[in-house]
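Chain naming follows the written order as A, B and C, and within any one chain the residues start at number 1.
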Amino acid sequence: MTWRLNPSSGLHWRCWDDEWVVFDQGSGQTHLMNPVTAAALMQFDAQCLSFEQLLDKVAADMSVTSNSELASALSLAVEQLVGLGLLESARG
Amino acid sequence: MTLSELAQAELRTRLRGVGLKLACGPFNYRIRSPIGAIADGLRLLYADYRIPAESEFIDFTVNIERSGGLRRFWRPQVKFAYDGTYPFVPMQLDHAFPLLEWAMNWCISSQADHFLMLHSAVIERNGGAVIMPAPPGSGKSTLCAGLVCRGWRLLSDELALLSFTDGWITPLARPISLKNESLDVIRKFSPDAVLNQVTHHTTKGSVSHMKVPTAHLARVAQRARPRWVIFPKYVPGANARLTPRSKAQSLLSLGGNSFNYGVLGLKGFEQLSELVSQCDCYDFEYSQLEQAVAVFDALAQELVA
Amino acid sequence: MNANLIASVWARSNPCPSLSITDWELLLGQARRTGLLARLAQHLLDRGWMEQVPAGPQHYLQGALRLVERQKLAVRWEVNCIRRALGERQTPVVLLKGAAYVVANLPPARARLFSDIDIMVPREQVAQTEAALFAAGWISAERDAYNQRYYRTWMHEVPPLKHVQRNTVLDLHHTISPPTSRFKVDGARLFDQVQAVDSEPGFCTLGPADMVLHSAVHLFQEGDFGHGLRDLLDLDDLLQHFSGSDPTFWSTLLSRARELALGVPLAHALRQLERLFGTVPPLELRPEFSAMGPGGLARHAMSTLIGAAVRPQHPSCDAPFSEAARWLLFVRSHYIRMPAYLIVPHLLRKAYMRQFPDQPPTAA
């Protein structure tokens, strides 16, 4: 299973003191995100990613080794992002 | 020319006929109504407001009419007519003046998209403005009125108008609406405050409006730069206290308290981001107005130092 | 003052309006009332006249345009959400009215605000589509059992669906006109002519002639004549656009109107367009278009009624006759939609519910 950004999204980020806010032009919605969800979403540009690829990238971004806590937090984050319509599953 | 220069008879004639024109900050109104309480309220609270010249564009024409038919005599009602429609349900006749104020607010908040409009009070001292967003019941209006009575300049008690070019705030300076307990609090706090007669049993309880000091109206064309975003909350028995608030959370709260953030898209987001970046954001608890004023004054002092 | 300033804006030969400041106030008021503020702004922008508009009115004109732009984004997002809800399907989903204008980039989208998204699926797929939408968060906005029955049994709609989080409204159709109406249309025939939308895979719009006919039928069947002028302008836009890119369009429209037995609403609409904007079919087809409408007295009476009803409901140009005309047309509109023996109980019921929204009526 791989995911990608919803093609109609257009993300604009701001950060203050480790809190991330993103505005999505496609849906017109503004989201306040915790660091894991923000980190997850930021990995997607033009590419599709599998969960393992995503986990590795986020771990690298956060300068931690990937572990089961990060994995489950990330799993929740992906679910949330799909529910918000920001991520969608891609073929393949 | 100001409203106070109109003879009483002339005021009533205009209200019943062609309409009374009134400038409120960046907006010009034309008000029409045959109702006596409207004329009285305007005479008291809007004495120092400018009457626009013939050549000036009138942004909003507000009609406060009596309901016809049975309701003309039995439990008489008034309604707000705008461009041939009735945006609100009719109200009792004695709610006419508050209805006028709510109608005037509605005109701006539903149409003035050339500003980013926040549902908040805005006051200014020493060149810095405080934006106070707050849902109803937070004590924002009492606090706003109290501060205005102690030397803070009123920009607005309900509607912050942010410019898209530089983020500065344009004053509206319309009378401050007060309700229920705040009426007594303000009367005690500032016996000189001029208040319109109280209307009881509205959906918000007992309401009245406080006149804006003349000196503030003289500066209605002076915009102000926002320096603080403060979320007030009246907490019985609490000491006045500022606690820093996350800028990210503040952005979301401001967006949720905005009249047109949702329709402005990216432009609105960029404007609010700029605002929270530039301003110190706080939560504020208080119960005593004197204490609250002292805390705010100390903030304003920082600008002079 | 009875100046119908707003209608005169679109008279064909109109030069740049040079209006006094009071006239601008009136014009904006009339435009707001008829839902034409954005279109007025677009009209001025297209002709390079916006700079000459005084600063005051310009704020509100520009504001209306911003709203339209914002709406286009919102529509595309809703369509996106609908696609995710419905998944892969054998037959495409047809977008109607405003949503269609936006995704197909048709002229009415440039300056029109609308509140609902309308989609059409084959009749046999309505239940399954409604189920899929429900699973994705669209629930019926209609709580009253009578109104539910009104919609499902008599009208062509599932009652409007509202999304639980976004509060957006979706109308699900299987044809463009109610089955009980004099002008009923079998949805299957419409599907023969649908056209794919490049930017939205899985979605289609009606064929051009059908889009025009839908607009004409909608104008006379829906109860809302406050926005008649706006709907006529949209219709005019569509006609200009389609006939501009296809010289055979008018004769296609003529045969399709006959095929679907929608000649009468089309004839009425064309009569208004001629009266207001000077839009006419090509010379050689005019007799045939004329022949489609009712003859003589009926035609004149209907035309006068509609003309009066289409006058903007603004105090500055409401002739006393207009309100009565509007009411007559509303009753007639319901008459067209439902046979007379059904209409009276329905109207009273709706009036009752408006008066006492929290009290269900006790008797049947």
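What we mean here is this: a contact is a pair of C-beta atoms (placed from the backbone, for glycine too) under 8 Å apart; a residue touches a chain by one contact, two chains touch by 3 or more.
These numbers were taken from a predicted model, which means no experiment stands behind them.
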Comparison of A-B and A-C (more C-beta pairs in contact): A-B
By mean Cα position, the chain sitting nearest the middle: C
Intercentroid distance (Cα basis), subunit B paired with subunit A, Å: 41
Multi-chain contact residues (two or more partners), subunit C: 70, 73
Residues of subunit B whose C-beta touches two or more other chains: 265
Multi-chain contact sites of subunit A, meaning residues that touch two or more partners: 25, 28
For the subunit B and subunit A complex, residues of the former touching the latter: 246-249, 251-252, 255, 262, 265-266, 269-270, 273, 276-277
Of all residues in subunit B, those that touch subunit C in their complex: 28, 55-59, 61, 81, 83-85, 111-114, 263-265
Interface residues, subunit C side, partner subunit A - complex: 70, 73-74, 76-77, 80-81, 84
Touching residues (chain side subunit C, partner subunit B) in the complex: 21, 24-25, 29-30, 32-33, 54-57, 59-60, 62-63, 66-67, 69-70, 73, 313-315, 318
Subunit B partner contacts - residues on subunit A that touch it in the complex: 10, 12, 14-17, 19-21, 23, 25, 28, 30, 32
